[in-house]
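Let me begin by presenting the structure, written as structure tokens, before commenting on it.
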Amino acid sequence: MPLSARNHLQGEITEILLGTVTALITVKVGDNLVESVITRRSAEEMGLRKGDRVTAVIKATEVMIQKD
Amino acid sequence: MPLSARNHLQGEITEILLGTVTALITVKVGDNLVESVITRRSAEEMGLRKGDRVTAVIKATEVMIQKD
Amino acid sequence: MPLSARNHLQGEITEILLGTVTALITVKVGDNLVESVITRRSAEEMGLRKGDRVTAVIKATEVMIQKD
Amino acid sequence: MPLSARNHLQGEITEILLGTVTALITVKVGDNLVESVITRRSAEEMGLRKGDRVTAVIKATEVMIQKD
Amino acid sequence: MPLSARNHLQGEITEILLGTVTALITVKVGDNLVESVITRRSAEEMGLRKGDRVTAVIKATEVMIQKD
Amino acid sequence: MPLSARNHLQGEITEILLGTVTALITVKVGDNLVESVITRRSAEEMGLRKGDRVTAVIKATEVMIQKD
């Protein structure tokens, strides 16, 4: 495990929306859609495209729990 | 949708580790384990227990993308 | 308490600024203005409008303390 | 305004709970209690005590909106 | 130490990119470039300009560790 | 660039403090000390030790700007 972030969810990009500074990346992970706001620059430098296999990475301190 | 957070991942608690201030909650979501650090008080006030059905909630600005 | 986030501040939306990806929502909470950056999609799907009664929700790990 | 964080909520510390690494600081802000998880070291180096006048500081990207 | 955030990295602004809601601020800190997404309003109210001496401030809970 | 996080600061671990749930990792980066709160489990699974060469990784949305 190279990075301390605890959560790594593999999936496929289904949509990319580019703003001036930020970008919204939607990733299909199993039955869920995971949405991510990153910088537009990261999206461009990584060459992200619809259909790419990616991993959504999330630090454990950023995850909340809701009781169903 | 009552809360602006974009990501809601349903699952089942598989482990709870209590510290003095914080608690680590592990949730099985499909084939993934999602880990969350919340306050011990929230864990206790919500009465979280192993086996509970819960939803891991994550703001989109907290999600990074890694290219596989 | 359905969500582990410790902070729930009730107020009224006083301004909405929409970008391409994100939106800035300003909420009057008592004597304070609380500003939130969420996705434009959440703002639209929730139908947020000026004057709406809303709650600003904040995870305790995101709050810093400054000594006066 | 010296710091880019948009949210500065003035109040008074009502409780401090110290763990090994982290500390939970509770601040009364108007009619609300705001809870913060910071490092125990910051709490000690700042000499935080019950009754201190402090400001809870929150980056706008960390604030979610819930519709009432 | 007035603010509980543990990380204060001094440097000089090398670039500012303004979006509608957010702004990307690039700061040269020693040999590193540190990039920050803040609100456009903070950038404007603080009068941030290329060449300004600023400090990048980061809460310890937001820092991950990667093993080289 | 495999991860969208914009900030990667290389350095050396100078101190590790272990709690029950979390751990505080201090990294010397150039002339600065960078402190990180991660889970104790990540610290243990990564086998982090004083003197290790590591990179502190920070998402741009988590960085604030203070005017000097």
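So that you can tell them apart, the chains are marked A, B, C, D, E and F in the order they are listed, and the count of residues begins at 1 in each.
One rule holds in what follows: a residue touches a chain if its C-beta (ideal position, glycine included) is under 8 Å from a C-beta of that chain, and two chains touch if they have at least 3 such contacts.
Note that the coordinates shown come from a computational prediction; the quantities given were computed from them, not determined experimentally.
Chemist: Return the chains shared as contacts by subunit D and subunit E, ordered by label.
Modeler: Neighbours common to subunit D and subunit E are C, F.
Chemist: If you walk touching chains, what's the least steps from subunit B to subunit C?
Modeler: Steps on the shortest route: 1.
Chemist: From the centre of subunit A, which other chain's Cα mean sits the farthest off?
Modeler: The most distant chain relative to subunit A turns out to be D.
Chemist: Starting from the mean Cα coordinates of subunit C and subunit E, work out the distance between those two points in Å.
Modeler: Here subunit C and subunit E have centroids separated by 22 Å.
Chemist: Compute the distance, rounded to whole Å, between the mean C-alpha positions of subunit A and subunit F.
Modeler: Comparing mean C-alpha positions, subunit F is 21 Å from subunit A.
Chemist: Compute the distance, rounded to whole Å, between the mean C-alpha positions of subunit C and subunit D.
Modeler: Computed value for the inter-centroid distance: 17 Å.
Chemist: What residues in subunit E touch two or more of the other chains?
Modeler: Those would be 2-6, 19-20, 22, 24, 35-39, 41-43, 46, 57, 59-62, 64-67.
Chemist: If you go through all the chains, which pairs of them touch?
Modeler: A-B, A-C, A-E, A-F, B-C, B-D, B-F, C-D, C-E, D-E, D-F, E-F
Chemist: Residues of subunit D touching subunit E in their complex?
Modeler: Where subunit D meets subunit E, its residues are 1-6, 36-39, 41-43, 45-46, 57, 59-61.
Chemist: Please give the residue numbers of subunit C that touch subunit E in the complex, ascending.
Modeler: On the subunit C side, the touching residues are 17-20, 22-24, 35, 37, 61-62, 64-67.
Chemist: Which residues, counting only subunit F, touch subunit E once they are in their complex?
Modeler: Touching subunit E: residues 5-10, 24-25, 27, 29-32, 34-38, 42-43, 46-48, 52-68 of subunit F.
Chemist: Across the complex, what residues on subunit A touch subunit E?
Modeler: Going by the criterion above, the answer is residues 2-5, 19-22, 39, 41, 59, 61.
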